[in-house]
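Here subunit A shows up in two complexes: once beside subunit B, once beside subunit C.
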Partner chain A sequence: MDVIEQANRAAVDRMFAADPVLVDVIPAVEAIGFLAEGHKILHAGPPVDWSRMCGPMRGAVAGIAVFEGWAGDLEEAAAMAADGAFEFHPNHHFGTVGPMTGLTTRSQPVMVVANRAFGNLSYCTINEGLGKVMRFGGNDEEVLARLRWLRDVAGPLLAEALRSGEGIALKGLIARGLGMGDEMHQRNIACSSLLVRELAPALARTSTDRERLGELLQFMSGNDQFFLNVGMATGKAIMDPVRDIEASSIVTAMSRNGTDFGITVSGTGDRWFTAPVEMPEGLYFPGFTEADSNPDMGDSTIVETMGLGGFAMGASPAVAGFVGAGAASEAANFTRNMTEITYDSNPEWTIPAMDYLGVPSGIDIRRVVETGIVPTINTGIAHKEPGIGQIGAGVVTAPMACFTQAVHALAEQLGVS
Partner chain B sequence: MITVNRVRRAFYLDSVALMRHSRVLAGMDGVAEAAMMMGTPANQAIMREAGLLDMDAASAQGGDLIIGVRADTQAAAEAAVEEAARRLDQASTQITREEEWRPRSIRTAVAAAADTNLALISVPGAFAAAEARKAVRRGLHAMIFSDNVPLDEEISLKQEARDCGLLVMGPDCGTSIINGVPLAFANRVPNGNIAIVGASGTGIQEVSCLIAAADSGVTHAIGVGGRDMTDAVGGLSTIMALDLLEHDSGTDHIVIISKPPSQSVARKVIESVAESSKSFTICFIGAGSLELPPNAQFAGTLKSAALLAVGREPDDLALPTPRIAPKGRERIRGLFSGGTLCAEAQIVLSNLGRQVVSNAPVPGAMADTDAKDADRLIDLGADEYTQGRPHPMIDPSVRDAELKAALTDSSVAVILLDVVIGFGAHDDPAGHLAHLLDGAQGDAPLVIASVTGTEDDPQCRSSQAAKLERAGVLIAPSNADAAALALACLNR
Partner chain C sequence: MNKGKPADLLSGPLHVVNVGLESFSEQLKDLGVDVVQVDWSPPAAGDPDLARLLSKLGA
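What follows is the complex of A and B.
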């Protein structure tokens, strides 16, 4: 018991000591050399092959294969995928995270977040905006054109601006965002705005093409979720140094691929504990219902893993409205419930409306199993068919089976029967 | 299908709020689809795909709010648009009271209230000891309401608690009052200078209520659980309770209530009493008189324990005038919800020379048979009556079948009942009984009852008594008095 307590203290201390900074935007292949050879596709969640992939993930795979020039069109891409022409790996195995389908391939630009306290780097693609997008399984010409623009225009502009300075420190920016109503998963409007404010001067100085600079600023300003991917890379940068602490029962990643939900735990290293992913409960865009929705998907649950998203609902009361008859005034109770399963509260990330309660941090698998309370996750909802995209947003819970398996595995490893 | 649009220029609402409004509109009669969205290009694309946008609305800007409805008829569409307008024009003035958050674990409960020093545990028995250990390891006293806790768990838990200077009340502890706060099945009793330590829930309730009726009050009533004074457990909690009360300056006198304990435990308890600076009343129900140190006196019944504790004579009788029970019948039938009240009644009747049988016999009574020549006193809280159903204190209908049988039994002269009220008990047990007694025949047995409770209890003792009196029940001031009164009515 004491061994686990000490390990968990160390784990959460590492979370709180992290110093994540947005430093660069580079092609994925430069960040992850592994992508250089062959047709490699990194995806959200625990490992999954084509035969078990959900509709939107398949749609995104077809789209990205066309984008990378591996296939002439979507049909050919799907046939190639079925034929085993692509190699699939989880983002998480390469210091990377991606929202929803979360595909990462070699020529996509990725944002680089450095955890200066521990020296590790993490990566995430640039958020595509709302509407029909690849992360929700969209793959038509409009989607692919935007990906090309991100690669050819947005990525290089952002890279130049970031390289001209010391990078953008993210911990304090997130702290301010929490105070302004973001929970960093479903609400990122404050942090997106703060980030644009931080980036704008350097962009103005480094950009030589006003037209393109205008496009980029308009794109960022029109995308309330722009910061989501930055926050996710932040989560990955914060949680990776928490891995591999012997005996620690703290969760280091939660992630879904649209088929399975998987978690990793510090004391059990990179081993995934998986269970069938659950269906989100939420509100739908006009023309869509629950019958159209795909099961939960994405690496974005790294946000909850570091204590934000569903764990910080109290900072973002409107988000509580996604759940059933949820009143905004009940948002704080979502956050308080998460204190049942976490090790500590973050002293820097606090919620003003909850008397500066620190966000519940460090999910302890033992407490999840003991209390029967599973993590609450704020999420977007994708259409279950490929190529359609986002149809709603809501709240979902992590499956208990992941946590019970992990507790058994950790107990076995520690020789506890 | 008809599509109707309205645009509110320069009107902003949060997207979640709009989605919630949209859901209501879409559910209205005759409406196929409906949405309210801010008019950004992305939102307009979504509405167009859903067939909710006509040319007029498409001119809306990002700061304009678009209402789109597709419906079977013009009237249905207009009704939905009206509803949308109503929702937009009426800002909510409703004050929702935030639902109070309840901790789900001892850890977070303590975190939320740092000065907590006691945990009440009511979970299935298999888990109760584990939860109690969590409480003890956080420095909390524990009251365990749960039963079916394994004996070895009880012993090791109580040992661990004792080593930390903490008290474990229970398992199967139904009643405690700590600092005037009733816990589980307990009554609202005034504060005073008397403490009670008891292995029996209804015993504590009866004694504390009789103390209240005598215009005195209690500091604490500490339940220790039915097994505490057995050889196996060795009175661990009883001794710990006496230690804690020894240092409680508000307590002058201590009443100890139990079935007759094992000899070794009785010796331990009496040793502890002898060393104490307080005075004591020892009520070992059904035991013969004991050799006691000078600061202690013996009581054979709950009633005499309460009277001794408040400084009155133990046999102080204030019985109401007896009535005549039906002639030609001899037997008393007792139907009890409280186990200790049943035991006390057996002792009173045995001591008065009656032959008593019971499903829970005290020393001197016999095991239950259908013997027609004995008084039959039944504990309806015993396992055979409560398997798979609530305790009769919670659900008085557990007594119905036995009561109906007794009312028509031509050998029964008097029916003896206990009515236990207070927190946790049924909200109107007297009303339930009165309803049942209403249908009784003219030659039915005489019914005598006592009400264990106080005026301050939610059910109120006097109004429960009044209901019973109106139904023809003779009310005694205590359970022991009710038994004595039964005999007095027979002997007239």
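What follows is the complex of A and C.
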């Protein structure tokens, strides 16, 4: 149908015209006024209530309630959650994204990415590092102490540095990262390093406390995934202007809450199409096996939605081994497969090792259902019990049922039967 | 291009292109036959109603 083709061209043009810039770090409540009243918790994925939450999500909820001072300890927090004391909403409903459990509450600092081509803002918390962290359901004192440090030290220092300049343009930085072997989901070593290089001069000029500055630089330099959350906010900033284009069959968000996988589609607005989330297949850290793993989780699939992550596997042969996706020589096959279900190739985000092929961009629900090829996602794997954290990394696919539902809904909206 | 007689097909070494079900090519590979596998499946996983709908949507 011409109307769908024209709508999809417009959708992908908006993706390519985006100009995401990291501009600030502010308390979540300043970004999202909705969080000011009551005990509101934003989470990854489509809507889910306490009764259907997976173990790590519950663990993170208990931890964040203690962090916010809503509960005295984890037991009290869990009891309050079961009694309905907390209000849960998806991050995506508030211009926000979060990795894995993805919890966002009012006191946490969030990074602000402005899409200067369209004037919209998006938010994401600061990456906590690997291992036992809240995004994987960790909730002990070590985890909460790190969250306090992010709130009291890292957030304000980063904010001051960013406000002293014009912000950090992310489109070019990501393009360089692709050329250096990142796919921006499970490998962010290059982009994290480039970001530190961009931030360090401003941090040195604006910080008055050398000890704290040293802590922050050490934290960022020691966390290969520091850029992940910046990349996610970038994805949200790029994809939000693609929403609500009448008749467009382009996916605007893919996301998981550990129970359900959900997608939204431009032509069908904010409606979620959900299906039970799948189990990742991958490699496990020593001492853990598939029997320990939690189903797939997190808003980080916004990275694949904009054409990176599993879609850009060909740029990152190293990640293919890390996530157990096969030999480095096979990495390009994942990217080629994704060209079958996307509308276009990004002219600015190219993969040198694939003759500068642009990353496959604009997931078309029609092509997914027609070909039977579902989006490939690179992901971290959380332990299924709360409080333990990350136990591996792998590859997971989006459930076909989400796309089939979306095709039916779009057809109904267009009066096609 | 080798334009042998049809009978040559059965007497010479086999070079097979298998379209669709991968298990066919795996069995041939196990027998030492040279096989190229082409991934293919019917549109919409063979669901005729869904395939018709997709066709109307321009897929």
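Quick note on the criterion: the second predicted complex is superposed on the first by the 413 of 417 C-alpha atoms of A that agree within 3 Å, B and C clash if a C-alpha of one lies under 4 Å from a C-alpha of the other, contacts with A are read in each partner's own complex, and residues count from 1 in each chain.
Assume contacts are C-beta pairs under 8 Å (C-beta built on N, C-alpha and C of every residue); 3 or more make two chains touch, one makes a residue touch a chain.
Predicted, not measured: the structure shown is a model, and the values here were computed from it.
S.K.: Touching A:E5 in the superposition: subunit B (first), subunit C (second), both, neither?
M.R.: second
S.K.: After superposition on the shared chain, which partner residues are touched by A:A409: those of subunit B (first), subunit C (second), both, or neither?
M.R.: neither
S.K.: Which partner, subunit B or subunit C, is in contact with more residues of subunit A?
M.R.: B
S.K.: Just checking: does A:S249 make contact with subunit B only, subunit C only, both, or neither of them? Give me first, second, both or neither.
M.R.: Second partner only, subunit C.
S.K.: Touching A:G321, do we find subunit B (first), subunit C (second), both, or neither?
M.R.: First partner only.
S.K.: I'd like to know which partner A:L144 touches here: subunit B for first, subunit C for second, both or neither.
M.R.: neither
S.K.: Who does A:E370 touch here: subunit B (first), subunit C (second), both, or neither?
M.R.: The answer is both, since A:E370 touches subunit B and subunit C.
S.K.: For subunit A, which residues lie in the overlap of the subunit B contacts and the subunit C contacts?
M.R.: In subunit A, positions 367, 370-371 sit in both the subunit B and subunit C interfaces.
S.K.: Which residues, counting only subunit A, touch subunit B once they are in their complex?
M.R.: 129-131, 222, 283-288, 318-319, 321-322, 327, 329-330, 332-333, 336-337, 339-340, 367, 370-371, 373
S.K.: For the complex, which residues does subunit A have touching subunit C?
M.R.: Against subunit C, the touching part of subunit A is residues 1-2, 4-5, 249, 366-367, 369-372, 400, 404, 407-408, 410-411, 414, 416-417.
S.K.: Would you tell me which residues of subunit B are touching subunit A in their complex?
M.R.: So the residues of subunit B touching subunit A come out as 14, 16-17, 19-20, 22-23, 26, 33-35, 37, 40, 42, 45-47, 49-52, 68, 96-99, 101, 103-105, 107-108, 111.
S.K.: Provide the residue numbers of subunit C that touch subunit A in the complex, in ascending order.
M.R.: 41, 43-45, 50-51, 53-54, 56-59
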